[in-house]
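Per-chain residue numbering starts at 1, and chain names A, B, C, D, E, F, G and H are given in the order in which the chains are listed.
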Amino acid sequence: MNTQTLLDLLEKIKQHTLSPQEAVTQINGMLSSYLGFAEVDVHRGLRTGFPEVIFCQNKTGEQILGIAQEISKHAAQILLTRANSTTAEILRSRFSSVRFYEQSGVIVIGPPVKGTGRVTVVSAGTSDIPVAEEAAVTAGAAGANVQTYWDIGVAGIHRLFSKIDALRQSRVIVAVAGMDGALASVIAGLVSCPVIAVPTSVGYGAHLNGIAPLLTMLNSCAPGVTVVNIDNGFGAGYTAALINRLGE
Amino acid sequence: MNTQTLLDLLEKIKQHTLSPQEAVTQINGMLSSYLGFAEVDVHRGLRTGFPEVIFCQNKTGEQILGIAQEISKHAAQILLTRANSTTAEILRSRFSSVRFYEQSGVIVIGPPVKGTGRVTVVSAGTSDIPVAEEAAVTAGAAGANVQTYWDIGVAGIHRLFSKIDALRQSRVIVAVAGMDGALASVIAGLVSCPVIAVPTSVGYGAHLNGIAPLLTMLNSCAPGVTVVNIDNGFGAGYTAALINRLGE
Amino acid sequence: MNTQTLLDLLEKIKQHTLSPQEAVTQINGMLSSYLGFAEVDVHRGLRTGFPEVIFCQNKTGEQILGIAQEISKHAAQILLTRANSTTAEILRSRFSSVRFYEQSGVIVIGPPVKGTGRVTVVSAGTSDIPVAEEAAVTAGAAGANVQTYWDIGVAGIHRLFSKIDALRQSRVIVAVAGMDGALASVIAGLVSCPVIAVPTSVGYGAHLNGIAPLLTMLNSCAPGVTVVNIDNGFGAGYTAALINRLGE
Amino acid sequence: MNTQTLLDLLEKIKQHTLSPQEAVTQINGMLSSYLGFAEVDVHRGLRTGFPEVIFCQNKTGEQILGIAQEISKHAAQILLTRANSTTAEILRSRFSSVRFYEQSGVIVIGPPVKGTGRVTVVSAGTSDIPVAEEAAVTAGAAGANVQTYWDIGVAGIHRLFSKIDALRQSRVIVAVAGMDGALASVIAGLVSCPVIAVPTSVGYGAHLNGIAPLLTMLNSCAPGVTVVNIDNGFGAGYTAALINRLGE
Amino acid sequence: MNTQTLLDLLEKIKQHTLSPQEAVTQINGMLSSYLGFAEVDVHRGLRTGFPEVIFCQNKTGEQILGIAQEISKHAAQILLTRANSTTAEILRSRFSSVRFYEQSGVIVIGPPVKGTGRVTVVSAGTSDIPVAEEAAVTAGAAGANVQTYWDIGVAGIHRLFSKIDALRQSRVIVAVAGMDGALASVIAGLVSCPVIAVPTSVGYGAHLNGIAPLLTMLNSCAPGVTVVNIDNGFGAGYTAALINRLGE
Amino acid sequence: MNTQTLLDLLEKIKQHTLSPQEAVTQINGMLSSYLGFAEVDVHRGLRTGFPEVIFCQNKTGEQILGIAQEISKHAAQILLTRANSTTAEILRSRFSSVRFYEQSGVIVIGPPVKGTGRVTVVSAGTSDIPVAEEAAVTAGAAGANVQTYWDIGVAGIHRLFSKIDALRQSRVIVAVAGMDGALASVIAGLVSCPVIAVPTSVGYGAHLNGIAPLLTMLNSCAPGVTVVNIDNGFGAGYTAALINRLGE
Amino acid sequence: MNTQTLLDLLEKIKQHTLSPQEAVTQINGMLSSYLGFAEVDVHRGLRTGFPEVIFCQNKTGEQILGIAQEISKHAAQILLTRANSTTAEILRSRFSSVRFYEQSGVIVIGPPVKGTGRVTVVSAGTSDIPVAEEAAVTAGAAGANVQTYWDIGVAGIHRLFSKIDALRQSRVIVAVAGMDGALASVIAGLVSCPVIAVPTSVGYGAHLNGIAPLLTMLNSCAPGVTVVNIDNGFGAGYTAALINRLGE
Amino acid sequence: MNTQTLLDLLEKIKQHTLSPQEAVTQINGMLSSYLGFAEVDVHRGLRTGFPEVIFCQNKTGEQILGIAQEISKHAAQILLTRANSTTAEILRSRFSSVRFYEQSGVIVIGPPVKGTGRVTVVSAGTSDIPVAEEAAVTAGAAGANVQTYWDIGVAGIHRLFSKIDALRQSRVIVAVAGMDGALASVIAGLVSCPVIAVPTSVGYGAHLNGIAPLLTMLNSCAPGVTVVNIDNGFGAGYTAALINRLGE
């Protein structure tokens, strides 16, 4: 709590230009602001310019609609993850701008944002696209200019190399891979920007539902790689947008 | 490989201003550059402005000295990790500027770099300092202005809150924690910049040598957190410097 | 077996005021009581004043009704866990006081108990409510005055701080959290009563169905935390009631 | 922050009986108190009547002495865990009352506390005594009247039964066991107070350094059991003292 | 291969009382018998006096019937595990003696065997009965006199003690338990015969589908315990019958 | 990139027999060939003489048909894994030669290949046949002469010994086993060719969905064994064909 | 507690042939005997005819000598496990018959027992001998006639087959194996007696210190196998002796 | 056992040109040969043309010398793994040709073998060289022409590409990698021969002593990869030689 601001406020009481009751309200507000409470609630405007987020899993379409209507009173843009087409239909009955991304189950409400900078999202295989799309749409909704390249895993490494210029023009890269998860290491060895690695649950047997690529990525022999939870496209896209914004 | 550049080069052959033999050399160079080979070798100048890195574990002082002397021919700054005081002594016999960080075992050779931006490195406990210092020195050597706060874990959460303004002025935060690893989640809920979480092996029993805080951090309920390997202060500091640089 | 009591009894035989046959019965009873057998059967009145418990999973509604009717002959209150609305309907046809808690699937039969002391149950997220409610209803049925706060996880830490006075007035706190499980550590750092931590299976990927918050909680950097099995709201509520009762 | 208290204070400013400068100081104090900061620092008086704690591992005897002297300025009693006899000697040179518990490596500085209530600490085997003693000494230093029974594991269950009366007179029991960890379940089935289970790393092979008894205890078929980390005698003793104190 | 027998056979060739062609057949038979091949095929008469076994999982009723009819040509008794009531119906259309055990899904075809010796099978809880019944029926079909006690787990340890005489009259005990799996250790501490411990998958969370009681049992602090796979009632009953037979 | 070839090409420019534009195309082609790109794309002709492969899981019959028709333009043979009978029907409507292997869900399109050499595929149990068949069909489609023996696991080891001559005539053996996975070690101890071990997910409890036989095989006490992922019949058959081809 | 015996005793009081005081003592004795307490203490005569056991790990030679002298007052034979040659020397100074088994670190005090029946102990490799010898010496000291075969693992399976007659004459077999642990399954498929499998920690990498053969053995495809903890030669030998004794 | 050969032999008895006693010896020999016993003993001539192998770990120099002298009576070449320089010295005192490979601790006794074919062994980092050298020396001693490339991991992928022609001329490649283990996948995507992947224990934290690269390799997205145990250079080199030999 800024001492000078508090002192100024208390001076006003002394000079009878502010009542103690009003001051209590203002001090509580300052306290709240001091702790950053107005900003930190994950359900009420996490970071300036970022969309509000609703996790739809285990919620009915009606519940989601209710929350979305409440949020829309103060937020221009809403991001919904783990949603489905039924929910999209329900939302379309009340909102004019509803974009539904089928593979990832992401919905964005609100006018499209013109992205800045460059976040590149790549997937190793076609089965990783749902997670990769979640990352791409999240980053885009959070203000990033997003480029995507699907199915460029290391089994056919020329597919990756043909995108090398685009990769090098990125501020941050999100590398999504299941199976052996080797993609993140290879990319990090070729570029000079941060790489956010997302292991996916695509695989079987000793893949252990994503533990295998998670470990691969945590042990990357190339520096510059950080990792998020298995299938956490949202977290990767969100952090990528945070990093991308630093370049403004 | 840029098509226009190649075409220009071939035109010169056609016009006999370049011999085919010379062209072969140039084309090979272009190919090499196309693949970014000159840049990507982890032992020869990873990224512009970043120090060369020597991992000292399992190397003798003499071997390290030899490598350092070789590198010093083309690099202004060298970072050595997992080193000890004996190695520092040996290096001091040949280099004029050798800084040895005792807790983390990091050595930096070369004139101090004036950092820019702001990377904040925090540790949950005093036992986490070796890893945190490795992160801080690495980020500093890679050009970041680094701020550090040790022993501000969540068991005494007011210690964390008293640093909240400093945390919020960071471009990126490195949160180093063993035990329950809860620090990263709590910080990410309070700031609007990316948080790189570093689990440490500090703990016992069900801590599983760092697996416990690693899992905690991967499952952070606050977005904006990415994770590196257990005790990987170097990787966190390195990536933090990459992110910090975007803010220039 | 109390020696004096036994001696007194044997004296009566000697004085022919008690027949050996009657003494055998009494000695067997003393033996049984010595071993605490009358008290310890989990299905027949575990602890004085505590309800009988029926685990409903894998039992039909009819089977549950039968068991409940049998128990009701000697117990004033019955707690049923992992039940559903169909079972609640069946029970209502025979019992006058049947409260069904839908989210947790807990049923309480018998007149409401007026609670004493203070057990506070908190959940980190809304998805943790089923487990948290199981804890709260269990503690309440076992005689505790229960206070609940849902969705006050560390991602928006001001939500937790606004409940700090209530938390500090508790005799014992049950902290229910999935994801990173950081809530228990943060609370234990702020209060001076015991904290029972309940990890939940809410999460995905490296969450490992609750192993991640379980490890977090076992490694809490703040003392005063003990832990129960993943999703074991019943066990936490039960133990909380045992502790709360000590304050009478 | 209590609204009425704040209002009263601001009224004083209005009435010029308090200067704004003085008020700033008082408001900062109230804020600090509101967040409980004075109480929660783990190194400065965790809970009223509880000793200060120093973890000695990785600290030199001189460092420990320095910390102890600093703490002794404001605290009557200091508990040191993971210490050794050398440290005890050094401390004895400056403090008059130094008790060293050899098996557990615990040191208590300060006049013995007369315990109240009843905490019973039991160990399954003789190899579990170091951990059990850490629990017992901790609970005692924190004001509990402590009873201990070593080597009463379930392999010779009559040893346990011969202590049944003592167990039943406890407010809380700490059950310390390695190997199969079955002791906690058996005890919890025989008593009506809370049982804190401490798995130890005593065992080999599929014992996995304590994971086996940890899992056993988390899955206890008898309710009333909560669990702490492997070998965490301190945590168990500390929490037992917290619970025991409720009985005053 | 017995040298004398072979020599005798070859002598017959020399004396022209056996043709070389016939000798080849006999030698091959001796070789087969030498290696025990006639006995060891798991689907054709494993051990003298033991029933043939059909694992029904993933087989249609018709397939099972076909196999049973084939086996019945040379075997008096057939044991079918993991079967269901439909299969029992189909078998009853062709076989006169078909006993179906509903809880375990075991079917026995053939006249009841009069058991000898004493195998005691106990279960800790009612949910463990399916696995325990599989063990009991298997041991019975293999010629053992089987005694069963269900729901005598350690949470209510007097239930176990009231069976102590019966347990002590056993040649071998099969102890089936999920949850904490403590039953096997407690029993082994009370009897002087071998105990075969069967962990079950009954539990949740940190039970890890049976890994918890499996580890408990492998780490039993009482000697005399050996362990089979999770839910492997068949294996335990089979081995119990082998051991029981030694007592004849 | 072959220097002489490049030089020759550049000479043609010099001599004006090749235009720079045409040369750019050829150089790009050489570059691509240098990196092996034409060969390495897993969807376009991995290795000479090997079929193209389509993984059918999560694809509709129509999608698969489209891909197959596209591939058939340049490939004589197509292998489809994880397919079903519906897909087989759809493919039969357009292709004349469609073989569907029901147990493994493998489809081969194209005229049967006459195999060479000898790959032997064995399964330990009947439940392992789906994986074993996937290996056998894959190796066959890739040009190997394949021999198969099902249900010859070590529980009835004479079944294995009766195939010993056939095993010894193999260039490479694929050993498929769930349960204890012991088959691979036993075979490797009896033959002098490489053994590719395939653990399967057939088992329960401590089998951990195939982790048990995977570990068994990785720890084989007989040299000559290499291992693939759990249930990865395709990978084993593919590598076996690669090895078999070396014998030509 | 036998009712008739108790009644008889009480009758004596009635007839004044027994004083109540004396009866109290006798009843306590009967109670103790009822619970089997005299027999079950692991340190005081576990089972009739079995040696007393001292685990020497973490005990000094002097401590061990003291315990041994105490035990020798009532026991003819003492078995010491995890001992060393120094301890053997110390014991030899006081006891006349001390046999020290160097590889396993087992000591037996007392006149050699003439064994009966047949327990066969086999090891897969030479590195497994320490564990196997512990099993063999334990079984021998407990009264079994023991036969041992070392280094007959499945990598050279003829070594195993040449012992097949001996194996088949056993009442029970203890199979000790590290690496892949396949030995137990193969033996169980060849004999008709129970097999106790002992995994050892001999191996590296994915052997996980014995977890690999432990899982192999728990998943044995041949029935008749039960398993003890990794390196638990004592437990296997002890149980083998219990089983062997049934054959008398 | 070949029927015709046996028949021929028996005919000789019939014709009195062979005595039954001599025939017994020959039949036993045939039986032995039938089972391949002469070949399969891992310590006595595993495969034709392959060296004998001695694992030196836990053996004294004298013991190793004794074994080597015994083996040298019938074998031209001996391979010793996990040896040290002291052992090499001892062996040099008796054998004329002793090559000691310091990094891997491998010793080869006997005249150098001229290799055929081509086995290429590559390591990702310099720390992986000990394991890689073990593979290379083993393959060479078993008759392969071996090519090695150290430190060509994917972090600097141009180092790998510059060796691409050499890699493609191999019959089989052994890829040795710790850290993320990505090397095997990348290589397998570029070549058309089998790749044997060897994970190493080089790494820390979530590397889990080699489990991370082991899982990476088992989940390789490029076909043609098989895997051996962590640090098992011997097994990889041995199998590579077996495969290489097929190309003769």
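The rule we apply is simple: a contact is a pair of C-beta atoms (placed from the backbone, for glycine too) under 8 Å apart; a residue touches a chain by one contact, two chains touch by 3 or more.
Owing to the predicted nature of the structure, the values given are computational and were not obtained by experimental measurement.
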Q) Using each chain's Cα centroid, which is most distant from the centroid of chain A? A) G
Q) Looking at E-H and E-G, which one has the bigger number of contacting C-beta pairs? A) E-G
Q: Starting from the mean Cα coordinates of chain B and chain D, work out the distance between those two points in Å.
A: 40
Q. Once you find the CA centre of chain D and the CA centre of chain H, what distance in Å lies between them?
A. 56
Q) Going by the touch rule set out above, which residues of chain F reach two or more other chains? A) 35-36, 40, 42, 155-157, 161, 189-190, 205-207, 211, 214, 218-222, 229
Q | Interchain contacts, given as pairs of chains that touch | A | A-B, A-C, A-D, A-F, A-H, B-C, B-D, B-F, B-H, C-D, C-E, C-G, D-E, D-G, E-F, E-G, E-H, F-G, F-H, G-H
Q. Which part of chain H faces chain G closely enough to touch in the complex?
A. 32, 35-37, 40-43, 58, 199, 201, 209-211, 214, 229-232
Q. Which of the residues in chain D come into contact with chain E in the complex?
A. 124-125, 153-157, 179-182, 185-186, 188-190, 203, 205-208, 211-213, 215-222
Q: Please give the residue numbers of chain B that touch chain F in the complex, ascending.
A: 1, 3, 6-7, 10-11, 13-14, 16, 19-21, 23-24, 27-28, 31
Q. Quick one: in the complex, what on chain E touches chain G?
A. 34-36, 39-40, 42, 46-48, 53, 161, 164, 168, 171-172, 189-194, 196, 214, 218-229, 234-236, 238-239, 242-244, 246-247
**Q.** chain B residues touching chain D - in the complex, by the definition given at the top
**A.** 127, 155-159, 161, 204-207
